[in-house]
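Structure provided below as structure tokens; questions to follow.
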Amino acid sequence: MDIASILGLVLCGVVFVYGIVSSGGFGALGSFWDLPSVFITFGGALFCVLASYSMQNFLDGIKSFRLVLKRPTIDTPEMIRKIIDLSNIARKEGLLSLEEAATNLEDEFLKKGILLIVDGTDPELVRAIMETELVSVEERHKTKIGFWDALGAMGPAWGMIGTLVGLVIMLENMDDPAAIGPGMATALITTLYGSLLANWVCAPVASKLKENNAEEVMMKEIMIEGLLSIQAGENPRVIEEKLKSFLSPKDRESWNKPEDGGEAVG
Amino acid sequence: MDIASILGLVLCGVVFVYGIVSSGGFGALGSFWDLPSVFITFGGALFCVLASYSMQNFLDGIKSFRLVLKRPTIDTPEMIRKIIDLSNIARKEGLLSLEEAATNLEDEFLKKGILLIVDGTDPELVRAIMETELVSVEERHKTKIGFWDALGAMGPAWGMIGTLVGLVIMLENMDDPAAIGPGMATALITTLYGSLLANWVCAPVASKLKENNAEEVMMKEIMIEGLLSIQAGENPRVIEEKLKSFLSPKDRESWNKPEDGGEAVG
Amino acid sequence: MDIASILGLVLCGVVFVYGIVSSGGFGALGSFWDLPSVFITFGGALFCVLASYSMQNFLDGIKSFRLVLKRPTIDTPEMIRKIIDLSNIARKEGLLSLEEAATNLEDEFLKKGILLIVDGTDPELVRAIMETELVSVEERHKTKIGFWDALGAMGPAWGMIGTLVGLVIMLENMDDPAAIGPGMATALITTLYGSLLANWVCAPVASKLKENNAEEVMMKEIMIEGLLSIQAGENPRVIEEKLKSFLSPKDRESWNKPEDGGEAVG
Amino acid sequence: MDIASILGLVLCGVVFVYGIVSSGGFGALGSFWDLPSVFITFGGALFCVLASYSMQNFLDGIKSFRLVLKRPTIDTPEMIRKIIDLSNIARKEGLLSLEEAATNLEDEFLKKGILLIVDGTDPELVRAIMETELVSVEERHKTKIGFWDALGAMGPAWGMIGTLVGLVIMLENMDDPAAIGPGMATALITTLYGSLLANWVCAPVASKLKENNAEEVMMKEIMIEGLLSIQAGENPRVIEEKLKSFLSPKDRESWNKPEDGGEAVG
Amino acid sequence: MDIASILGLVLCGVVFVYGIVSSGGFGALGSFWDLPSVFITFGGALFCVLASYSMQNFLDGIKSFRLVLKRPTIDTPEMIRKIIDLSNIARKEGLLSLEEAATNLEDEFLKKGILLIVDGTDPELVRAIMETELVSVEERHKTKIGFWDALGAMGPAWGMIGTLVGLVIMLENMDDPAAIGPGMATALITTLYGSLLANWVCAPVASKLKENNAEEVMMKEIMIEGLLSIQAGENPRVIEEKLKSFLSPKDRESWNKPEDGGEAVG
């Protein structure tokens, strides 16, 4: 579970409530709940996004909220070690021996690549298949990110529509001056809802999905690079050198210390 | 018929009307209809877009609204199966036998590609012709998407022009304080109309057309990839492996189950 | 003359005037004319754009307004037929016979290409020269489009500057409450002028020039493709197949019917 | 000296002053000068940009204002003629004879290229060196353009900060209603200053630098193309044909008339 | 320590405080401090960014503020000289002698490249490894720049949320007209805070990090170019000519003067 996202979303709520209570007391909280405003802002935004996508993509978009809460179990150094292990196996026992090793792998993408190699698929074709798959994965991620971007754009738009509706109604009925203040307050609430939808929910979710996508794509690029090197029969040490370039300085430091022996294998 | 788009567009209208009625009662609905505002906002926006395009592209743009309501009958797994069938025919009975098979195909793009292959066209030329056509299709889609983007930008712009006109007239005649409220209300209605045109109609239509375009382009890319593989005489099993990379995980799962026998053909 | 652009520009004016008259009567039209506002908005915007370009590009930009009103006489199917005719001549009577045929051509770009071919210029060089010219043409179009984009951005900016000037003057002299309304009305007029300049004039002109540019570029790409195919001595039927991919479905349909005989030539 | 930029900048000032005087008389000019507003808007914007760059790039950015006022002495047809002359010399007297010709050249970029050719540098390396230099030149231009873009973005931002400061102070002290008008007027002046900084100064300067950059880059591309053709020993007539594609229709017309004899040289 | 950034950030603060004091006296400074506003604006913005990133990237983003204050010790001419020295060593004493020279190098990137060359790594592989590393470095920089861009976007968004909260509370309690002014003043303070966060802090930091990144990337590109030239055994003079194209005119001038002798080495 990714503590950063949950912590961030909760703390945003805390400062928001604190801001209301510190200015207007606990009684003021009630002024910030208005059911018709909820309908017109959240309903309008959500239904507009529904109209923009196929039902399948719309549902996938909503479900992708869960992905924000669980950190993808991506550990680049471990993946690189796994690929180096595989290259050692391939070197010592031949490419065919990889079939057995592949059965233990959890990652479907890596597994598929190894089975293609074991099948004796042409390297060019292996690269083409793996890259098409990578592009398809990215395409699907982008649809989900696009869902949250669209919802984040629709929130303020429908917030403004709600505020205009409230203002028109208030301006048409200006006989009672005492009602002007509360009328405008209600009108502004949809704008507030729209801002909260865009900035409290949609922006963080879209950013998080982008970050996750970037990490997964880099991971898959490492796998493709590694698989093709294994197929080409490259020296495990060279493969290590190649893949280590993907590591951050911090990961690289911890790599060189306890695992230094690994480099002597090739 | 695509339920998502129609449902979305209708529900947006429902929450909008509900928002008005719940704040101002049914009587308030009348305040939101003003014919001069309709003319200046929708007329101004539409005529500006008319001035931006040739008559043909303008009419095509308006007509493209219908495309939003009908879901393109795109079934990627079925198309891949069709291409694998064709590759099996080509393998067993020769490329020329594809001519007969092509007569049963509904998709004009695939048909054209097969006829090019049967004619013995050079593979490079087949790719060039098919890709030029794909680019032309995309270009035409983009013109239609651009129409809705332009209308969506012009809506708020002419809404603001209408509001400025209303404000200037109201400010010039401030002798009767009772008229100020309704005057401003009317002035704001064009801004509201502009927002609705942009967010209720144009944004969903443009998004939907983009989604449809992306799906059609992917479909045509699968066909080009498949056709060139058939022409190159590649093994149907390799072709299947190649094209399956385009499938989503869900489609791929259902692919592997009941149709597993298909893989043993090649 | 392109009816769509003129119609659009005129109808925008009609709905704008109708909007004023229907709200404030014919007398209100006078409130929307204010010479100092004209100077500060249109003058400021225009002079800022003047400062942004060289004198030559500035004058070319203004002149390009005329291009919007005349539809470029581009007829893609006819151009393709012309190229196929040329390829038939080249096939039957040799490349040198094209020199005579070129004298009848109106299009300078196509003519230049044919003369390069007749001169025996290396195909690589023909492509390089034609593409450099295409890029130069596009560059010049983009400068003109950029002029209208810049003017469209400067309009609202100087409109806002004018409004701020008006507001500051009004706020400094608030002794006479009766003058506040008309003062604000005048202040808002520059914002209105800026919006009209951007949305009534600049946006349609820039869009139209973009459309014209896209059509001309596609036309020139068809010519380059055709010329190189003729030089390479390709079969006229293959050339037809290649160039037809550029056609829209509608043009393609009408192509196949009455002119079907043309395909049998090659 | 480029008359367009100076004329534009001055005329913008004229319409601005005319707008003030025509609405509020000469006495109103005084209302538009407020030293604290100058400090917070121009100071804030400038110091923010200072914080965004290294001291060197900041000073180069400010200095680049002068480049707007002097039109680069770029004459494309003359440059093309010079290159054709050089190609004739190289053809008749050999590549080494270019060394002498190079001493008369003013343009450092062309000179460097010729010296590389005379030194017998490999063509690939000549292209690589010249293009790296072109990219470096463009990079430096972009830093300067970025300076003005950043200042143009910071102007309105600090103008709004100044207005917010003024509004907060005015709202805290609302005891004297007569002070509200002038208080708001002063608050708005920073917004006006920010708009003027962005639209009167920064936008034209950034546009102008972009135009100058585009011209210089095209000029240098012509030189690279010409130099490599000379080194390859291409026919001067072919070189002329190649380089003429860069010319505008107007330049090309005047090229073909009086200088027609030049074409007969090759 | 980079004087420009610190000077800029401090001077922005000075003009901001001067603007307040000159309009409202020292007593007005107190009006600009409001703890709940600090929480809702800075807290909301910061926690939203926290929700957008993994904890690691969030902390790295905050820490990257320090990078703005220290100027990267990048001296392009010196680096080029170092590479030319290395090329001279390689020429005279062979590639293996570089191992010793590498031990004195401070730059880890250059060191790694030299060790790869000494190991006899294939040139293609050297380029691939170095470029992957360069891309990874840039990717990490972009994450940090993205952090400040996101914070700069969230600042005004949460400022507006705070203002809306303040307005709603004020409008609900309009019984005491004397409280309206101070109520609105407090409501506006969050908007002011958001603007300051975006324009005083985030924009300069993000710009500065972009500038630093561009310089580091160019430096690393020079190293890659130089290393591959050394490995290819190119003449030190040619290498100098190649790398000098990266220098600015100013650096190039000072290069040619006192160090002219260096050119005679090759």
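Letters A, B, C, D and E mark the chains as written, and numbering starts fresh at 1 in each.
Methods note: contacts are C-beta pairs under 8 Å (C-beta built on N, C-alpha and C of every residue); 3 or more make two chains touch, one makes a residue touch a chain.
Computed from a predicted model, the values in this text were never measured in an experiment.
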Practice item. Work out which chains are contact partners of both chain A and chain E. Key: none
Practice item. Write the angle of the rotation needed to overlay chain A on chain D, where the fit uses Cα atoms and the result is rounded to the nearest 5°. Key: 145
Study note, to complete from the structure: Per the C-alpha centroid definition, the whole-Å distance linking chain A and chain B comes out as 25
Check your understanding: How big is the gap, in whole Å, between where the Cα atoms of chain A centre and where those of chain C centre?
Key -> 41
Review point. List the ring in order: which chains come, beginning at chain B and going next to chain C?
Key: B, C, D, E, A
Practice item. Could you pull out which chain E residues touch chain D in their complex? Key: 2-9, 11-12, 15-16, 18-20, 22-24, 28, 31-32, 68, 71, 178, 180-182, 184-185, 188-189, 191-192, 195-196, 198-200, 203-204, 207-208, 211, 214, 218, 238, 241-242, 245-248
Review point. Can you name the residues of chain A that touch chain B in the complex?
Key: 35-37, 39-40, 43-44, 47-55, 57-58, 116, 121, 125, 128-130, 132-133, 136, 139-140, 150, 153-154, 157-158, 160-162, 164-169, 171-174, 186
